[in-house]
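You will see chain A twice below: alongside chain B first, and alongside chain C after that.
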Partner chain A sequence: MPELFHRKLERTAIGFTLAIIAAASVGGIVEIAPLFTIDETVEEAPDLRLYTPLELAGRNIYVREGCYACHSQMIRTLRDEVERYGPYSLAVESKYDHPMLWGSKRTGPDLARVGGKYSDFWHVAHLTNPRDVVPESNMPAYRFLARATLDTSDLGVHLEAQRAVGVPYTDEMVENASRDAFGQATPDTEPASGVVERYGEATQVSAFDGVTTRVTEMDALVAYLQVLGRLTGAAFENTAASEETPDPQQ
Partner chain B sequence: MIAQLTTSERRQSAIILLVLGMAGLAMAALGRSDPLGVHGLLVILFSVGLSYFVLSSFYEPEPETDRLGLYYDDPIKVGIVLSMAWAVFGMFIGVWVAAQLAWPDLAFDAAWSSFGRLRPAHTTGVIFGFGGNALIATSFHVVQRTSRARLAGQVSPWFVLLGFNLFCVLAVTGYFMGLTQSKEYAEPEWYADLWLVIVWITYFVLYLRTLARRKEPHIYVANWYYMAFIVVVAILHIVNNVAVPVSLGHAKSYSVWAGVQDAMVQWWYGHNAVAFFLTAGFLAMLYYYLPIRAGRPIFSYRLSILSFWGITFFYMWAGSHHLHYTALPHWVQNLGMTFSVMLLVPSWASAGNALLTLNGAWHKVRDDATLRFITVAVLFYGLSTFEGSFLAIRPVNSLSHYTDWTVGHVHAGALGWVALITFGSFYTLVPTLWKRERMYSAGLVEVHFWLALAGTLVYVFAMWNSGIIQGLMWRTYTDDGTLAYSFIDSLLAMYPYYIARAFGGLLFLLGAIVACYNIWMTVRHVPLSASRRADIPITGLPAGAATPAE
Partner chain C sequence: MEEVEERDPVSGHLTTGHEWNGIKELDTPVPRGVLMFLIVTHVFALLWWFLMPTWPLGTTYTRGLLGTDQWQTVERNLVEAAAERSAWVKAIETGSFDEIRANEPLMRVVQGTGRQLFGDNCAACHGTDGKGGSNYPDLTDDDWLWAGGPEGIAETMRIGINSPHPESRVAQMPAFGRDDMLDRAQVSSVASYVFSLSNPDYSTARNVEAIAAGREVFMTTCAACHKEDARGDPEVGAPNLTDPYWVYGGDLQTIVSTVHGGRSGHMPTWDERLTAAEIKILALYVDSMSAGNP
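Our next item is the complex of A and B:
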């Protein structure tokens, strides 16, 4: 009987196509739609702050250079990962990440909590030539970042686009985007205090690449790396214990 | 090629190219201070180049009026050539990036050639360039022969084929300039994505209209798979790539999806790109070229139905197995694991159906390297679908995820299954299409077979070893209960395997180059075959001369 039905179905191109669409749609609808409606999917984190314009520019460089191809930003709920990298990642930590950069491969280590782990100076040296600080490393050298001046002129438009996809940047943040990017990389100036005012006391203002006269792509990328895992403290509070790593011998 | 088009069709082509050129001009103007402008110039160049081709033969004589009684094979021939060109390009980049992991200075201190920018050029080059062109070309061949009808359009097959290649060129040149959405296997930016939607809808309409013209009451199983490939890839592509451009003058865009929902959408896309691009489409090739080459009908019609609907339904649930132990809710992870394991049933039903088809033809597998390509492809299909279900089990995944094991798994599928079935199909198709007696050299097909098989095995064994070692080192504890190895210890252990992997890839690349030479010499030097029986649609035959379909 089912075979007879199929013999009919395969005689009509449109009917067959509709059947394919019907069969293929179910899985996606059942698995994706509830992620938007079930509240527990993403935790609450009132202290979650947004990327500053400089950090967002750094994130765009991270995307541009394909860093995600070798570095994950997702610590799994396994004991060895938590002990190696820090508390496991929560959904809320990437709530405003358009797109997410969880990654799928660790040719290099996870970076979800790399922020604050090394000094700015270390990052600059490492990005300039990884083998100067980690002789065994196989990471590419990114010398050109320190030479490239960061284009800050259109950061306001970037913030507006981010707002269009749901990131709550205020009008004030959009208006001051270029100025804030400059300020975050030039400590002890008036623009610098503006960034802290808008993005919070915890915002790291620093001459990331050691040069305060201009803002480079190196500044932006290091600013981004230094904020990874530090947008909210939610992962350090009240979370369940990590799972024992599965062991076939037990 | 242009000689096959009437004057009004030539005019139509010229108008399409003009509109495309205007779009390129708009991109170049709006994006003059952005990499978008470079892509605008590239689009203009593409349009001008093809326009020259069309206009230079614009006033040549019109085609014979009986052309509609023949199969439309020109786009297929060009598709095969493009596919092989992309194969060499994509595999070359693959060997290069593999070597960079062992010798990082091979990036030569330039931005465009660093690992992160070359890696998507490799994946796009082989998946979309090589695989995509092979799928488009063979789908045009199979749908015509199994429907015994000519393609339903004269200009649209060219639009689909060349439009798709424009997408691939925009993608790869974009990565070199640093343009990427960072979504794996969906890296191209918003304007390239929009262009692909237009191309893909044209492809869908063309395919559906050709099926509607068929002279057979039933739609052959290969066409089910091509149809699933076309329709589902469209759905996946559109949903995953919804994004807001920074402005019309910026190549950069921001995805509307964020965080955990984005991760789910991305891997729903990513895993089903594997399912419907790299599996369904190539199963279609298998269902046509295997019976043709073996001279045996498909073993079981019922198994074909079971595996087709099993694959179409189950695969779409499996994507979340890429996100085990992450911030994705547990219930979604478990659903993904369950369906991934169940997927083994339809997958092995397909593989079993193919192997049983060979009963009575095993002596041909021994003697004919082309049929051996197809047979070994089926074995690797069975192997990698088993491995896929296995890796989707949560505790197994806790070891394998983030390691080279995943890379090894993907390449067992991509080299062993996708590439081998494609080469087997091409070696079957090329002499037929160009109406030659045989391939130029059976010996070179044999050489290619052993290079490809050796390359695949070296590659996959290297990655199995490195992946499992890596996974074990990361979770090994000392007796004191502390982690035994630093991350860099695990990286140091990888170097020998990275060198072996690059060598395996090199063997595979050499095989593809041998194939290019063999195909070229077949077209140029093998005499036309008088014995190839009339290969024309049913309408083209004189009344009463109808022969059974191939």
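Our next item is the complex of A and C:
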């Protein structure tokens, strides 16, 4: 009987192919599919902000330049990682990351919480030539970013694409995308107040690369680096990071 | 199906009965070792189902008999680590800077931990050795832009300089040239004056006039922040301009561009990123780097 079954299966090419696919996808189905229904997979974070158009453009440059090949954005649930980088990453922190940039290779340090750690000025100097600020660095120089004018004309389309995969950008945000990208890099202007109005008080408006007359790819990338880990405070609640020092006597 | 019971004369294994051009296919059994391995791993997998979180149940999952949870594990490790360190962390949190400095074993911990923290958080700007560089002040000299001593350093770290912290220190050196507060000649002469303060050789007969004119400008425009003796004012973070320590550079060209374009260094706030004990450790560590230096 089993021989018969086997004989038959082996002789039906399409049926056999389908059987192989079914067998090979068991792992994926068992490990991945249930995560879509299990409540605990993605935590709640009501304060989660959206990437502004400028930050999203910076994110695209981060992907384009392959920064993820040397930098992860995922602090793992290990003691030494938490002590060095801060609270471990939560799934909800990459809720609006399409695609996610967790990465798995660390030639350089993890960047999940690098936002606010350095000044804009430092980031610009570091990206222009890492050796100027960290003499022993082997990170490549990205000098050209400060010379490349950012193409803001298609940012509205990028926002729409993100919306198609579930990021709640409003029509108003899509419409004003180019203007908002310009505003975030030119403090004290009317477009600057527009971006804060749409994306929240915590939005960082700054002349990231120090030049306000035009918006460069450097502006966008630094804006993105400065918001990493700062879209929500969820990871800082109920984690060991806020632990009181225990009493040594106990 | 035709029954085959044919043994290969060389290996002694059964054949499958298939034959291609006289070559017969052997029906070699799975080696015993591999078979055992497969059985053991299957048994292990069965046990694992019960011990570990495994099976999805709609919106939840089986938690497993061991109750393993990575979040709780790391939390427990951190609490254990904190407990191990608690003796000296408590001593640092509660002690005054003088008490800590008088406590030799505690200071050894401060040196070791401080070095580590400095490398992770401060070295990118101030250099691994704390000597700073262009745009970043040297922390190893005993010449402070802001309040020095561990208390002052801890406060600078807590609130930052020109940082988003609501209490941040604010350092603003105005852009006298760019914003048309001084004309070109004035910028150049006041720069000569400032340069001459730390380079007495510069006051030659050829420059003496420019320096005198610059002194004039300095007294009316700059002394408010840098003081009449140009020794600076830690209240507003205005540097001492008479010593050999420079944040941006003490050559004539750099002084001209400082006066022309202004300066406003940004030092991040460490209030959220570091704990109170870590800030104290770093303050003592930074303070000790400058000990004995002028």
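Everything that follows uses one rule, which is that the second predicted complex is superposed on the first by the 227 of 250 C-alpha atoms of A that agree within 3 Å, B and C clash if a C-alpha of one lies under 4 Å from a C-alpha of the other, contacts with A are read in each partner's own complex, and residues count from 1 in each chain.
Everything that follows uses one rule, which is that a contact is a pair of C-beta atoms (placed from the backbone, for glycine too) under 8 Å apart; a residue touches a chain by one contact, two chains touch by 3 or more.
Just so it is clear, the model here is predicted, and its values are computed rather than measured.
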item	value
Partner chain(s) touched by A:174 [first = chain B, second = chain C, both, neither]	neither
Touched partner set for A:3, first chain B, second chain C, both or neither	both
Partner chain in contact with A:133 - chain B first, chain C second, else both or neither	second
Chain A residues touched by each partner, larger count belonging to chain B or chain C	B
First, second, both or neither for A:122, with chain B first and chain C second	second
Touched partner set for A:38, first chain B, second chain C, both or neither	both
Contacts of A:16 with chain B and chain C, given as first, second, both or neither	first
First (chain B), second (chain C), both or neither touched by A:84	both
Chain B versus chain C as contact partner of A:48, first or second or both or neither	neither
First, second, both or neither for A:207, with chain B first and chain C second	neither
Touching both chain C and chain B, counted on chain A across the two superposed complexes	3, 30, 38, 40, 77-78, 83-84, 88, 134, 243, 245-246, 248
Complex contact set, residues of chain A against chain C	3-4, 30, 33-34, 37-40, 77-79, 82-84, 86, 88, 116-122, 125-126, 133-134, 204, 236, 239-240, 243, 245-248
Footprint of chain A on chain B - complex, ascending	100-102, 104, 107, 109-111, 114-117, 119-120, 175, 178-184, 208, 211-212, 217-219, 224, 227-228, 231-232, 235, 239, 243-247, 250, 252-266, 268, 301-302, 305, 309, 312-320, 322-329, 332, 335-336, 339, 394-395, 398-399, 401-403, 406-407, 474-475, 477, 482-483, 487-488, 491-492, 495, 498
Touching residues (chain side chain A, partner chain B) in the complex	3, 6-7, 10-11, 13-14, 16-17, 20-21, 23-28, 30-32, 35-36, 38, 40-42, 60, 63-70, 72, 74, 76-78, 80-81, 83-84, 88-110, 130-131, 134, 136-144, 154, 157-158, 161-162, 164-167, 243, 245-246, 248
Residues of chain C defined as touching chain A within the complex	1, 56, 58-61, 70-71, 73-75, 77-79, 81-83, 86-87, 89-90, 93, 120-121, 123-125, 133, 135, 164, 265-269, 272-273, 277
